[in-house]
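Working notes for the structure below.
The chains carry the letters A, B, C and D, assigned in the order they are written, with residues numbered from 1 in each.
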């Protein structure tokens, strides 16, 4: 941490910064510039300290953090790539893992036909929402318990693992009985009671990035899961909020390389929520694989025109099959497979 | 809702849109433009429908919602201003209500001295966090239960009502025993299980705007509280995420007038979290009152240099007293009082 | 400038950073942390250097600038407030200066009647666009030369100084003959040939903030004017681009206090372009004065319903008169006058 | 254009909207909803009209544009893909065109060696800045005229066409003598006098997207070039401003597919300015090709450690060669070549 003193700050002010550091078990080194004194705060955990601790002292102009705020999710903490294994499917390795299925479970046929369709096209995991967080209370909120039961039935019949969203800490244990991967939605990325509960559950978690979360905040949120001893963490980029209105969210394609550089966790991409329109899902999915994503989370519906939620961004099964064929080429071109 | 057909869309495509509308009990009217057909979808609840329902149909170019997505929070639903009364303090009326206190309850003395200080300076409600949602799991998480007990003691001794944050639906009932107003933090604005629980509790709620929530999404989140029959809802603007990095968050000053125009709910402003620095709190607080805010939520600490959380943005008691005097002048200049 | 070396960086890498600094006439001081070495680069102009100079060297993890990138516009360079005087009207002092008039000069009557109206209501300067930068080439582009002539006539008849926009460096001298203040529009904030030409002209300049410019970039753009010896620089906040769509631009109300803290230049606010709707202009104008703005730039039209440009955000003369009366109260409440 | 009237708007208000439309040669159709009247404004050029024309009328609640604001750049205007040919190099076709070279021309050797290096690696066009728009007036501003002469020499010796930036309308003709493609930088995307001059020049233009320009505004800026009869227009996505600070700009990868959907113009991507760091250039370049970009604009420097501008984001020649080999695979996987 770097503390910049104000021009002409009093000796006593400098002294106070040094003492506060010492009181916290931290070292300091003073740099006498031509115009101002700059104090380096030295220690192994300065990334987790608030800059306010020093910024609030008299004579301080600004405080800059040099170390990252996240710890357990960082490459510095663990240099080797983390692999998350779900029922034999490995996320974070040589294979690009595709999770696909409807936004919401609507009824038995819809789920079964979609699941069979995506399996045939090459998906390894089936997605399907039972508890749907909706912007308006007057929108369809999901089949809830009945949806979970259909998902479990599907796993039995179709033979693919299931990912579904959990929105309430009190439901973590219950949903764990039905699903293989628990998904934290973008709006819950900083729902800390939920993260703590999921950390304790030790179940594989997909942690979606918040709509306006920086990559650093996203990795710090992952620390909540890791701090409870759950290392089965998969990050998921799904678009961030920007001023651009031709898409639903702006897919932050650079976040994939940034995550790979600074973290050991696998990262997948949800092109459907970013695109908001089935026409745009393909290009975004291809870009994600080319940029190094470990997997994809794609909305597919046996009949998008009748979908209760997100029909416009859902691919039909034939369109998904076509996309999978294209993605296989891209994966190959970056030395991976699907 | 306005459905724009593609140039040269087939008759059957137009027909399908009309039929889907009819199936949902909605009327339609066709507009034959020079280049394309535009279909108006008519009905009283089109604001709550997803545009996807029509956008997904063949031949449709785009769908635009004319009605707002929120309903119960809108002026159209209730034209008269809502007043929320807490222990005799009325929010939404002629008086600008100031809620002040420390970010986090740290210990007995800190809370009592701060509470007495802000009361003397003219604050009507004391704020204080017991359960703190923190970006990193390694930061101070609040005194929790012990913090609530100190808040209850403070109310007894100092005689001001209490606002505190709730982060977990399962704690709503428990925290209701200690606090007069329950606060939903920015990161929980779309935590729907929490909102539903708070709606059922019928307790006064301060609903902070999400970091990247539009005003429309914020009001739609308020619909979750109102839909459960809780009309004691106060909105709180606290800055939005933008590219600007000289402040912690960009206070969206226009949101006050926008909320007043489209909603009947009272709206207050938290200048502390937006500013991120005590130097900037004053100008933002004054701007908020001049723009028509119904109240303020300000972080004050008896000794900001020793604060465990958010010290840099906390006002000392003398600084808060000085600000209150300035705010009284501004309030008067817009025909209000403090 | 603070250079953070990678964990385990080689001695030679550290040496190279030190040497590059020395070659540039800069000092260095090494801080040996527990995990990494941090090098402070010391010198008086490090704010104007690119961080790339060091970031590109082997073994460097990151480089953080401690000093601000702007120089001449900073309080460090000149601590006293700059006053800009136009024809006896002082901007930056005790009086809140109101500049008002139509977005575009349309015809003689429109300009004269509007100018007389705003003068009577208390405006000190008349605004009016002759060369209009429009998003589409098919929109009205202004009366151009004929518009300037009408502005000069107006100044003669009505007796108020004129502010108008300049969009092309080759027109600076010509427009200077007609106008008292030259305005740089938001889209031209980083049009450096234009800024340089205006700097040389020594004419008072209003420099609008770019749609997505940080305050630091805005002040660095002002350096272009100041570097040519033109100290007649007034900054103008007019709203930034954010995700919020209920207004045209999000007025960054905190920028006023931030500018006041870090710069000596006066800052005014254009509430009209931010609001995008006449209903919202009043609250934003009041907030700006309460937050400490030195002036306002407001769009007024004798007949907004017939305006060729920006009619929706223009105030009619009666509405402007009413607002001026309200603003006088606000100005008084912060110890100023209008 | 869709005009939504206020609930209970007077008959006269509705009448006025209809009359204003008629006066402008537009048709109308009235839709009587259950709560409000909605008026469709019909005509072929409603995309180019300001919504204010109707929004300002009494009784109007809101106005929504259905047609796009751009015209000549739209697929509706011209359905077939535009190909831009520079010295035999075709942009917009089956081949991904790579333009590469230093950010700024610094001296003869630097330019020649870099040009030879990128040519050998497979680049088709050399980039190099002579007039550099820099944030601060105290930064290196380019070699100017001398830089152009070096570029012309390079073309002669190395045999590749040249792209360079133009920042001042008065220099368009002069720079046209030295360069094959004229580049409009992001900060000048809405410098309309510059666009008009470039339109008249009929020279191939690369139009970079503004830092905070929507795709619709970008295409509308292209209309300025097309309206002057210049059809040699290539769009260039280079990252937009967002809250994320781990990269210099957020590459808007979806813009490629959006442009392809709504416009006939070719679109290339500059991964260097978006990334801000050479480590991230590769993943972004690969993503761009996978998403369908027609070309790339990449910063390469013979010795990035000595670069005067943007060294950190420049690739060395060996790194560029390696990237080109990877890009060839990606291009092949999407049915293209490099």
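Here is the rule we go by: a residue touches a chain if its C-beta (ideal position, glycine included) is under 8 Å from a C-beta of that chain, and two chains touch if they have at least 3 such contacts.
All values reported here derive from a predicted model rather than from experimental measurement.
Taking the definition of touch as given, a chain qualifies here only if it contacts chain A and chain B alike; those chains are C, D. Among the other chains, the CA centroid farthest from that of chain C is the one of A.
Looking at A-C and B-C side by side, the one with more C-beta contacts is B-C. In this assembly, the C-alpha centroid of chain A lies 38 Å from the C-alpha centroid of chain C. With centres set at the average Cα position, the gap from chain B to chain C is 31 Å. Across the assembly, chain A contributes 212, 241-243, 245 as residues in contact with two or more other chains. The residues of chain B lying in touch with chain D in their complex are 2, 4, 7, 27, 29, 31-35, 38, 40, 42-44, 62, 64, 66, 76, 241-243, 245. Those residues of chain C whose C-beta lies close enough to touch chain D in the complex are 45, 48, 50-53, 55-57, 69-71, 133-139, 167-170, 187-188, 190-193, 196, 210-212, 217, 220-221, 223-224, 227, 241, 277, 304-305, 307, 309-313.
Chain A makes touch with chain D in their complex at residues 212, 214-216, 240, 242-247, 250-258, 261-262, 274-275, 279-280, 282-284, 286-292, 326, 329-330, 332-334.
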